[in-house]
Every structure is written in C-alpha cells, then in structure tokens.
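Following are the structures in question.
Both of the next two complexes hold chain A, though its partner changes from chain B to chain C.
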Partner chain A sequence: MAASKPEKRPEERPTGLVWKPLTTAARQFAKSFVRPSTILYPYERLEDPKFREKVAVESGRPIGVGEIWDNYRGVHALNIATCISCNLCAFSCPDLCIDMVTVPGGDPKHPKKCPQIDYGKCSYCGFCSDACPEGCLTMTTHYELSTPKRSEMVYSPQRLFENYQHKLPMNPIRLARPANEDAILLDAPLCIGCNACARDCPTNCITMLDVAKPTAKPGEKLPRRIWKEPVVNDSDCVRCGTCISVCPKECLFWGTHK
Partner chain B sequence: MATTLYSVSDAISSLLLGAVGSIFPEPVHGWLTSTDVVTGLAVLIFCAILLVASMINTIMLIWFERKLLGRFMDRRGAMHVGYAGLLQNFADGLKLFRKNTFMPREADRLGYFTGPTAYMVTSMILFGILPVSSGWNGGSLPLSLLLALAVFSFAPLFIFVSAWSSNNKYSLLGGMRSAAQMIAYEVPILLAVVAVVILAGSFDLNTIVLEQQNYWFWGPLVVALFVFFVGMLAEMERIPFDLPEAEAELVEGWNTEYGGMLFAFFMLADYVRALIGSLLVVLLFLGGWTMPSYVPTALTSFPLAGIFWFMLKTYAVFAIFVWIRASLPRVRTDQLLRIGWMRMIPLALLSIVLAGLVVLARCLPVFGCVPTLGG
Partner chain C sequence: MWVNMGPQHPMTHGLWNLKVRIDGEIIVDADPEMGYLHRGIEKISEDRHYNEVVTLMDRTCYVAGLSWETLYITAAEAALHIEVPERARWIRMLTDELQRIGSHVMWYAAFVQDIGLMTPFLYGMRDRDLILDLFQSFTGARMTYEYNRVGGVRNDLPNGFTDRARKVMDWLMPRFDEYDALCLGSDIFHRRCDDLGRLSATECIDLGITGPMLRSAGLARDLRKDRPYHRYDQVDFDVATATAGDVTARYLVRMEELRQSVRIVRQCLDWLDKHPGSVLAQELPRWLGAPYAPVGAEGYLLKRRYPSGTGFSAVEEPHGEAQAYVVNTGGEHPYRVKFRSPVFANMSGAKSYLVGYHVADIPPIMGSVDICVGEVDR
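Right, the complex of A and B next:
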C-alpha cells in the first residue's frame, strides 16, 4: 500500500527530515558509550598490541594498524663505534638540523664528534644517511616521535645509538654512494705546511710529506713555512671536505686528476 | 523560617560588618552595624553569590555540551585539562580574558562595546528573576514570568546594535537575521506561555511551580511544551535555528568582528541564554523544584534537594537541546518563518484551547473543585 503512493521528497516528509537524524544521532550516542572512536593518543597508541586487543574486546571489532613500507624513512640510527666524524651528514642536511657534538671516546686533542639530530627541523629526506661514507648513520622505519616537550625532539648521538642497539626495523634502501671523481688538489705554492688538514682528516688519509727546501738566490727571501706538503690517499678519502674547510691558506680545492 | 539565599547572605553580611566594625570606634561602628548598611551589603553578597553560581553553571553547561556533542559524534570531547576536561572551559575563558581587545577601524565605538555588554547584562538579569528553589529565590514578583520573557527577548536588539556597529557585511546580515528571526518565534512562545498561565492562574513563577505540585504541566500541555521548546531553540539561536550565526554562510554571523573578552561575552551570554531557556522549560512545564508525590521522601527532603532536582531537570532539558543540535541541519529563514507562523501558532492556539478545557475539566463535580481560574 505504501509502495503504491508516490514517493515524497525528503523535505515534504517531516519524519525524514527530523525524526531520522534524531534517531541516528541517538543511536550513535548510545554506541559511543561502549567506546568512542577517539584514541587518546599520547596515552593510547595503535602500535601498542595490548591497546589493540583492549579495543577489540570492548567494541567487538578489531582495529588494525597500518603497515609501514620497507623504505619508510623514520628516525635515524647511529652506530657511534664506526662513525668517523666526517661531518658529511651535517653538510648534506638541507634543514640544518644536524649538529656535530662531542661524544666521549675520542682522544683529548681530537674529540670525537657525532651527529645530533633535531627532529623538530628534520624533513626525513635521507640525504644524511646517503652521504654517510661509513654507513653508520641509517634511517629506520620507526616513526613514533611525539613528545610533549620541544627539547625532547633533539636526539643526541647516544640516543640515536640506542636506536641502533635496539635494532629498530631498518630502512634497507640506502643508495650506494656514487663514485666521486673529484679529488682534493693542492695549490702547492700557497701551502705553508701547517698540518691542519692532516690533523682534522677523519680517515687519516692525508700524510704530510717533506718537500725540498729550495736554495735561496742572493737577494731573494724564502717564505717562512714548514717544508711539508699534504698528500691525499684517494682510495681512503671519503670526500668529506674537512681539509678544505680547515685550510688556513685556502690552498686545497676540489678538482680532478688529469 | 526556612533558610533562603537572602538570609544566608544577610548572615554573612552582619558577620563581616560586625567583625570589621569592632576595629573602629563608636560612631563608625554604629554606622557599620546599622540595618541599612547590613542590608545593603547583604544585597551585594546575594548578587555576588548569584553571579558566581550562575557563571559556574554556565561554564559547566559549555563543558556538558562539549562532552555530549563529542559523544554524539563518536568522540570524547575535552579530555586533558582537569578530570575529563572539566576545567577546559575555565582555561579557555582565561585565555580569552588575556587577549587584546581590538576594534575595527571603521566600527562605531559606542555600539561596538555596549552591544556585547548589554547582551551579557540582560541575559544575566534573568538569574535574579528566575527562582531555582523555594530558598534560592530572587524575590516574588507578581508578573515575574512576563518580566523574564520581556528581558529575555531584548537580546536581538543588542545583537543588532553590535552587528551594525561592527561595520561588516557578515555581521550586519547576521544581525538582520537575528531581528527577523524574532518575528518568527516570539508570538508562538508567548501564546504557549498563555496556556501555562491559564492553567496556573498566575504570572508569578513561584505560583506556577507550586501549582505543579500535583501534576506537572507538560502532561496536559504537551503541545504547548513542544511549541515553547521549538520557540526556545529559536530564541537561543541554537542549531537548527542558528541563522544569525550560520558559520557556513556568514563566517561567524554577528560576532565576526569580535575577539578576546568581547567574544567571550557573546559566547558566555549565548550559554547563559541556553541555561535560562532550559530553566524556563523546567519552571513552566516540568515542575520546577517540585517532584511528584510517588518519589520517595528521602530523595526530596535532603538539604538543597530542590536545587539538585531543578538542576538535574535543567541539564536533562539542555541535553535534549544538544541532541537536536547534533542531529538537525540549519533551516532557511523562510522555512523558519513558515515553521513559526504556519505550524507553531496554530499549535499554540490549540494548546490554549486545551488549557481552557483542562481548567473546565478540573471544575467537573468528579474532581470536586470549585470553578475558579487557576484552581
């Protein structure tokens, strides 16, 4: 009988316009007392299997947590033991969120410096782990970083090392470092043999070799310098550029061997 | 003599003035403890208690609405500040209080600042008029219902003043809508109230409540209750009748240009009016602070029982307002006018007829009443 009548438009049926929304809302209200959909995030986390089990028991339907892709770039892991303090991660960081801070373990003259990452600034681009010549700074698939304090967003090397020790799921994709054709070249006449490059080289691939002290012609004054010059072992060099930046005379530069 | 709010504040006043007066020598002491000064301070204390109680209730009402709305939407509502977010609205109020009060350059200074203030004040006056229990009572005025409704319907005027002086088209449109909306709901509300007045035989809210000791008026006057309820929804400008605010169309309606404490005034006054609307529904139709006789005496005779039951009913009525807010979409102005004039006014007239019939029926010999208006 109801089917034979022409269907009225919703605005002509007061029940459709008023009663149905009211009952729907009431049903939703009653349902929310079993368990609202809200997850009280910092206290309840979907990653917590106990919490998921609790929700499944209370609401009668299981909830899942999304799977993370293998190449997800999350928080870093740092192996302090193999870090050579080359500074390349900090150089490559586009957000300037990496500071090299001193960690115990270096000798007093050359303190060991490892990256400290400010996740408040980090864009998770992964350039640092790509740049790392030793493969000690890698990214994991872990992403739970939220904290109530901004200062806790800064991860010290020790904390990054903990990530390494806890064997958090690692991001397996790490680009092979492209073979760098560049090499460190020396503008020999400028060099004063100060040893700064050899001192600061993280891989100790610079050796200071003696050069012959030229005999002074009459009336000519020899420059005051140490008669040594750096020689770079290209196979050991990680191309970090530390020597270029420490050179007081700016006599080291990037170039290619002819 | 029963303990009333006024006797409590009188006792506090005489205690305070006696303590302060004992410090001073005779002429000052005598003046401080004289009846006039004690009464004057008692009135101020009375007002202060009323103000604090109503503000706390209003803020709790906002919390109540947020929690209920959250549940209606499968959320939790405010959770973090205080237990279950109880203090969240106090924190919000403090934040608004600390904010800079600004005015648009082209706005009219007088109207811009007096609008929200008058809106707030006229809403707060009602707490002094409405009785909450036999003790919590601002006074017995013979026409308190009429006064309450008159003061209650001031609001669109001040909304319009503040909207116009904001010098913003959205505000002005909101104010215009507010004024237009008043035409739709005031007549049905007053007609529905007439039905109550016929049944109670008085405009005094105290008398109306005491008349409901035997039976609550929503039984015979369910039609009037419906009309009054819908009218109150429009009077409070709540969804589905929040045309003046209509966020989707008018930014924030008539309070678009307000920020900081002035916005807090509007916000608070809105909820003050929501509270007053719920109070009025309870007073007129749900028996006020009285409870039916089948409720055990133990439940109705503990201290402050009247206030407790009254507030319980008020919050229940407000919960229905929230339920409607969570369910229904906003109507258009023409729909609102059609609802008001073509549906609500006939229903209100019908309820007046019903009230007359009930009064007549009370006079039938079976009920053994004498035929007087208001029984």
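Right, the complex of A and C next:
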C-alpha cells in the first residue's frame, strides 16, 4: 500500500511551472493572518483557559496547545496535618530523592517525620503520590522550579505544605488498593511481646493483647511481665511495613490469611 | 581518509560517532561507533521493582516512550503470570499507535531538516504537539509518561478523551497530505533522496534490519500482522510497503504508516467508547502494587510463594522490531532484563548502505534510518 510518487515533477509540467509557485505563495500569504504557533511563554500562559481558547481558535487547531491538565505531575503538595509518617513515599521512590525529616508536632519520643523532596533528583514519576495511603502527598500542576542555587531544589516539608495551602490544582487520580493485598502475619512462637511494633505503628492499628501463657514447669522461673502478642487490624493497616522493620526477632512477615 | 562525523551530531539528538573512510567524495567504508549514551538500563533494572523499571523505559527512546513501556510490561506480565484486563490491552494498543504517529511526525521533522528544508520541520513539531497534548491528558506528562503498570495501566482515559482524540485525528489526516505536498512536490527533495542508500530485502534480513527500512525494500514484515500482540488481530489495517528500498521509499512507507495508524486509532477509540471497565488487574500481590513496603528480613522474602517464570515480548516499535526478555526468579526484582533495540541493528548496517555514495549523502541516508541513540545504547 505505498503512496504513489507523482508522475511528473513540477518542472516537467508547463502549467505546474506557473501555478505551483502562485498557489504556494497565495497559501503562505493566507497563513499570515493565522495566529502563529509560537507562545511568548512568560507573558502568555497556557494555564489561563481564556488564552488557551484564543490559541485554539486562532490557530485553527482542534484542541488547545500545551494545556496543563489536572493530572499533570508537577511539584508535590503535602498536607502535614494528615501525614502519618508511614515512610511509604520514601520506599516507593525509584530515585531515592525523598528523605523523611523531623517536623514539629510529634511527641519527643516519637518525632513526626514528613517527606523532604530533592527536585534535583526527582523524575516526577508519581509513585510517591500513588503510594500515599492518606492522600496527603499529591502532585500539582505547578512546574516552574528554576532557581540559581542547587540547595534550593531541596523542598522541605514546610515548603511542600505551602504548595498545599496555595491550593494548586492537584492530581485527582488515586489508585485503588489491590483486592488480595498481603497482610501482616505473626510467627507467634518467636514473639517476645516487646511492643516495638505497636509503639511505632503510624496508624495505631496494632494492639497488644494478652495471650494464654505457656504454663511453666514446676521450679521454672515465670516471666515477670504479662505475655502479650500483637494483633493487627487489617482494615486500618496501610501496609507500610514499619512493624516488620522494627521487629527485633523478625517474627512479623507479609502473607495471606489462611 | 577516515572522517569522524560526531559524536556531536547534526542529525541526531543523542551522541554517536559515524566514522567514514572517504576517497575524494566517495565513501569507501563506514563504521558507526555507539556507546556514548550507555546508562546500563538492563543492569539497573535488576535492582528495581517490576513497576519501577517502567520509569527507565521512558528514557530509552524519548520519542517512543510508551511503545517501550508496553514492550517491557508485556514481558514482565508474562514472567509474573498476570492477566491483563481487556480494556487495558486496547488502551495500550491506542497508546502504541498514537506513539507511532508522534514518533514518525518527529522523524519527519528531523529528517527534512537534515536534507535542508526548514518549513516542514516546524510543521512536524507543531503537529507532534497535539499528540503530546493527548498523552498529557491521560498520563500526566509530555515525555516521561510512566503510565503502564504490571497488570494494566495506571488510570483510565479521562472524560471526553475519545472525542478530543478523534478531533485530532481528523485534523492530522489533511496535514499528512500537506507533508507530502511539501516533500514529494519539491524537486530538492527528490534530487537529494532518490536512489540513495539502497538496500535489498535480502540484505536487510542478513543485517537484522527491521521496521520501515525493511518494508521499504519490499518485504511486508510487520509484527502487528505476523505475530499479533495486544489486540492487533481485531483491528483492520494494511502493512505499508514500498519497493525501491531507497531513502524516498522509506519516506513513503512512514507516511503510509501514519495514515494506517490513524485508522487503527479510530478503531481503538470506537472500541473504548463501547466497553468501559477496569484497567488494572485486581489480583496482584501487594508488593507489585504501587507502594513498595519493605519486605522485612531477606529470609521471609525468599520463602515467598510467588512462582518464577520468564517472559518474552516483541513489539513493532516505530523504528522496528523491539524485543524484551524478563526472567523472574520469584523475588521482588527481575533477575535479568534484556532488550533488543531495532535501531541498534538498523544503524550497525551503516556500511552496507553508505558505501559508494557521496559524503553529502550521509545526512539524508542516516536520517532515513530514524536513529534514536537513547534506544541504541540503553
């Protein structure tokens, strides 16, 4: 299905010699009344819907050029108030550009940690906002990041919170959780009841429940404290894995309930 | 005398060096040197989650990012034994074809500039922008899309997308005629491109040359017909071929492919209008979902029950036949990822289609190969 080459070239056709340059000139002259595709960027902005409409009409194109849609992946916005310090954004980052830094608001024993993003490394893949279980880290349509200093590319949580407060249009897409997601399971014989998982759980979905203690043999010293085991509330759990990483005995693991 | 053309090249956007040995004005030997843009993507992939490799795929070929995403993700899904929803397959086919239009229009813009025509360059870039707009409306980015996920695609098409895409297709079709008028109607074009860089079909097969270069030599080899992936067996299109095997023939094949792609896109849009549904498989293990929580002690990971497997996929990318091979040993990272870049083979055969022509013929000939160095070096 090849398109056929023209039979004769313009210089071989006597009429073509006259008409072709004329029609070309006429067409090009007509184009001088059409708006050029060039956009004078800092002065003309595509975020402005009126300007976009103007461009679309004047250039005769079917849709506006370079429109910034709501799901554009630009600078992040962080709502510090709802952030639960679950680390999932940092875990999901392929470029390792997210650091969890301490922000005021937590208690001294368990400081609140929120993401700090290095835009010198960020590839704007959006995995962090996909991973955020609370929807507090989202991406906005803001894209102007030029700065004379490299250190200014690192956005602290407070600066990301400013983006949130400015109410920039945010990416509305949230990923649904997989239907058969794994849960936190306990290898009960290994557990020493140390409470580390329940203490560090960002959603407080782990409760330490009293369990039936194995009866000690006669003459054996009983453990002094009451024997406890973590029980995970699966509906509240965000699957961040903090409990697994803090467990000193490696007795928590991912799996499916039998 | 050996002449180095490159590594800073007038005709490509990446770095590569074409060494040509000349006798006066005639080329007697050619030796393309690549590797300047090597980033070790295959090795980096071994240290990433299956989904995170998608971010690298956009960086292989920046004009055909979505084609490479679907290439990798189809192989990964085969390795992980994951079924993909029907709608996601059609969306992937739609994105592949839109990407082909974007890539070919970009090629047109770059190619005509190589042979000295400036106006078509601006026309090509202008029209590619519409395709980028369409991509941006559902992926959220203009070049690095990160749209595919293991088990489907990240999000569904937004409301009103199909109408917008149809408008763009209606607008593009007459533009292709305009391209032809500008090039095929121009005497400069014919004098610079006719009977240049001739390759026969047998030579192409010997050198592993695929894609529009092979089809321009007269062989109707197209993976979309010969080994249908996605849902290409359910759409109606023709394979574009030409017989001459020269630079003009490659131009004609690509222009015809643009029109065929518009045809496929229209059929995809019709199907997608009629069949709403889920775009991401729900039966995924947690560690393949978006958040990659730590899996704890290494022993627990290795005890996991996920079956191992290997996956292979071959895709008719805008430049030719791209292939991917993924080995899954049951862990959370792929054990090995291998890609076959079509441009690597197309470019390596430079000697066979350059020797005997003049030095001034190099830009049109190498331009007609449609080189994307990011894809060659990976």
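As a working rule, the second predicted complex is superposed on the first by the 179 of 258 C-alpha atoms of A that agree within 3 Å, B and C clash if a C-alpha of one lies under 4 Å from a C-alpha of the other, contacts with A are read in each partner's own complex, and residues count from 1 in each chain.
To be clear about the criterion, a contact is a pair of C-beta atoms (placed from the backbone, for glycine too) under 8 Å apart; a residue touches a chain by one contact, two chains touch by 3 or more.
Since the structure is predicted, the reported quantities are computational estimates derived from the model, not experimental observations.
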>> According to the stated criteria, A:52 is in contact with first (chain B), second (chain C), both, or neither; which is it?
In response: neither
Quick check on the superposed pair: does A:32 touch chain B, chain C, both, or neither? Answer first, second, both or neither.
first
| In the superposed arrangement, does A:22 touch chain B (first), chain C (second), both or neither? | first
Fill in: Which superposed partner A:228 touches (first chain B, second chain C, both, neither)
neither
Comparing chain B and chain C in the superposed model, the one touching more of chain A is C
Margin query: So in the superposed three-chain picture, is A:40 touching just chain B, just chain C, both, or none of them (first/second/both/neither)?
Written below: first
| task | Look at A:244 in the shared chain and tell me whether it touches chain B only, chain C only, both, or neither; answer first, second, both or neither. | result | second
In chain A, both chain B and chain C touch residues 37
The answer for chain B against chain A in the complex is residues 68, 70-76, 79, 323-324, 326-329
Touching chain B in the complex, chain A uses residues 17-18, 21-22, 24-26, 28-29, 31-33, 36-38, 40
Chain A contacts chain C in the complex at 1-3, 5-6, 9-11, 20, 37, 61-69, 71-73, 88, 91-92, 94, 123-127, 130-131, 133, 139, 171, 173, 175-182, 239-241, 244-245, 247, 250, 252-254
Chain C residues touching chain A in their complex are 48, 51-52, 55, 122, 126, 129-130, 133-134, 136-141, 144, 146, 154-155, 158, 164, 167-168, 170-171, 180, 184-185, 187, 190, 238-243, 248-249, 252-253, 255-256, 260, 280, 282-297, 299-300, 304
